[in-house]
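In the two complexes that follow, chain A is the common piece, with chain B as its partner first and chain C second.
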Partner chain A sequence: MSELHIAATERTPEILLSANNGTFSMKGESFPEDVSAFYGQVIVAVDQLALNLTKPLTVDVAMIYINSSSIKAMFRIFEGLEAVRKNGQAVSITWHHQEDDDIMQELGEDFKDRFPDLPIEVNAA
Partner chain B sequence: MDISKAIDIRTAMRASGVIMAYNGTVSDELMVSLADILKTRMEAMDDAKRSRVVFSIFMEGMQNLIWHGRTNQNAPGMVCISQQDGEITVVCGNRIQREESLKLNETLEQLQRADKDTIRQLYREGMSKSSEHEGPGAGLGLLEIARRASHPISFAFMDVDEDHVDFFLAARI
Partner chain C sequence: MSANSDDTLFDLYDREKRLLAEGPDLLKSSDENELRAFSERLFERFAKVVRENEDLTRHSDRQEQRLVKLNQNLKLQTRELDQRKTELENLSHQLSKYLPPQIHQALFEGKHDTQITTQRKKLTVFFSDIKNFTQTSESLQPEALTEYLNEYFSEMTQIALNYGATIDKYMGDAMMVFFGDPESHGVREDARACVEMALSMLERLRSLQKRWHSIGFENPFEIRIGINTGYCNVGNFGSEQRLSYTIIGGEVNLAQRLESNADVGGILMSYETFVHVEDLVVAEKRGAIRMKGIARDVQTYSITGRKTESSPSVFNFDHPAGVSIDLDPAVLDAEVRSALADKLSELASQLREP
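Now for the complex of A and B:
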């Protein structure tokens, strides 16, 4: 079963993924020096969920700052979440942002727009 | 440098309300250091919303400089953040291939004319585009800058030699 525990750094988010618990979360800052090196493992793990997840998936995203190349990686991750949904598991995503953070709020709306079949709730934390 | 030249530079910087200016080789470490300084400066200004916008534009600009500087260490980049009459301007400059400037010019003219809704739509489409051709953000960085700026972006190209031009991009916040 897929499990990921990546601690946050100054420039990469905390990533927690557990197929056993049906949870996935991304929290913090994202401007890694090498986006593919950091997100490659996350994309693989999320893609695997589509094959081996046996329960509903709860997703929490709470980013403070995310650069444009990380947004592209996140798009790939959301494609993986969409695959989980298509394979029959319920997916519920909460996109958290700070109350006055228009940038993160709008980005949450952009993901909603791009993934109309995924239930994404954009929430001021 | 002659001391009077240095004083001229300082006078010009003061007159333009420069908060931070850098010219030279750009690197990932430099971006992180400058980002740290900028964050502190912006926090002192006590406007969280605007700070986020300035930070985001600065980061995309720097990442663009790093991307273009990766093959040519002798082509320095510049970044300048200034504040005048309550408006913050972020300017980034770097040397690019003349060939590349043609397409960039076209893209930027398009972005200059586009309204906010169009830019947002382009941005949404850009989120899913593969990044093989243009670098890490593949155009999304430019859209991020255009989207966050409070006025249409401005830009300039300066001839260097047959194959190169210097490219400058300015965003006002």
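Now for the complex of A and C:
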């Protein structure tokens, strides 16, 4: 079963993924030196969920800043979440943003448009 | 599984690159089904890439806009800070005229404490006053008086600053400065700097007097100077609302008393100052003075000039026959010097007799 615990750094978000609990969260800033190296492990873990998750999945995304490469990685992660849903597990996603952060709010809305089959709720913190 | 088992080798564009790699061989195929399947996968991926690209470009533009806005705000803030800095510099420059420069500098460097605290320190205190200022001022037009007085204080202040004095205050036509706080070069050096400063002031005043006289100031200012070295209370006096950095104590009053007893155009100093400068100046011993708050009789000395090579200096003579003379004519008054000269002359005659 997929389990991932990555502590936040100045450049990378905290990642917590537990297939046992049916939870997945990404919180913090994201501008890693090597986006593929950092997000590769997350993409692999999310893709595995599509194969072995046995309960509904609750996803929380709370990014403060995210660079373009990280958004590309995020697309791949959401494609993985789409696969989880297609394989029969319920997925509910909450996209958190700070009250005055219209950039992160609009990015959440973009993801909502981009992945219409995923239930994404964009919420101000 | 879309990723390589080794995370570090994961490539975000692996799907697109895989299609690109398959392309050249597949396009050579004449199998229509194979070509159609490839075209569909290619189309699906292409559509995703276009949408991703749209989202990324939009996000990038938003970030750029925010950056531009931040940059504009930063420029505005920098302009405001520059303007504020200029205002503060001007204010500081204006304030510096009301404060001793050492205190002004220490305040701006955050080194000066504005608590009501004082300390006892051995300082050399200087007082000067213009002789008959009231009568002199009555004989001048107010504009002329202001001009001469400002010139006098400007010149004296510049000399004081050149010698590192702390300018305590101006009181009408009087000036009070001291050496030894907040910076000190030691009691002896402070006393010497003060006396050198006083001599320079008198020299400068003499040339000012000539110039003033030549332009119609009939009886130019003349001053008296008093100098004393002793323990004073120095620091911030006053209240939480208003402070004065100044000195108080009996030794300060003594300096003022010495000034009032000084010759016109002269410097009268206490013995406590004299001992530090006797090799620098020619001084005449004057009477002792008593003052309330000072337990001792204060011996005074009047400076008659700088000591040069030709000035009488301390005379030392030692002979194995048991003769030893240690004489400093500068500390003797005229009467004693004359009596001593007669006695030595008589002794010289006796010694020359066969």
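What we mean here is this: the second predicted complex is superposed on the first by the 125 of 125 C-alpha atoms of A that agree within 3 Å, B and C clash if a C-alpha of one lies under 4 Å from a C-alpha of the other, contacts with A are read in each partner's own complex, and residues count from 1 in each chain.
Everything below uses one rule, namely that a residue touches a chain if its C-beta (ideal position, glycine included) is under 8 Å from a C-beta of that chain, and two chains touch if they have at least 3 such contacts.
Please read all numbers here as calculations on a predicted model, not as lab measurements.
*Asks:* Quick check on the superposed pair: does A:V35 touch chain B, chain C, both, or neither? Answer first, second, both or neither.
*Replies:* Touch status of A:V35: both partners.
*Asks:* Kindly classify A:D100 by the partners it touches after superposition: chain B alone (first), chain C alone (second), both, or neither?
*Replies:* A:D100 sits against chain B, while chain C stays out of touch.
*Asks:* Check the residue A:D47 against both partner chains and state whether it touches chain B (first), chain C (second), both, or neither.
*Replies:* second
*Asks:* Would you check which partner chain A:D110 touches, where first means chain B only, second means chain C only, and both and neither mean what they say?
*Replies:* both
*Asks:* Let me check the overlay on chain A: which residues of chain A are in contact with chain B and also with chain C?
*Replies:* On chain A, the overlap between the chain B and chain C contacts is residues 35, 68-69, 71-72, 75, 102-103, 106, 110, 114.
*Asks:* What residues on chain A touch chain B, complex-wise?
*Replies:* Touching chain B: residues 10-11, 31, 33, 35, 65, 67-69, 71-72, 75, 100-103, 106, 110-111, 113-114 of chain A.
*Asks:* In their shared complex, at which residues does chain C touch chain A?
*Replies:* Of all residues in chain C, those touching chain A are 1-4, 7-12, 48, 51-52, 55-56, 58-60, 62-63, 66.
*Asks:* Going by the contact rule set out above, which residues of chain B touch chain A in the complex?
*Replies:* 28, 32, 48-49, 52-53, 55-56, 59-60, 63, 120, 123-124, 127-129, 131, 136-138, 140-141, 143-144, 148
*Asks:* Please output the residues of chain A touching chain C within their complex, sorted ascending.
*Replies:* 34-37, 39-41, 43-44, 47-48, 68-69, 71-73, 75-76, 102-103, 106-107, 110, 114
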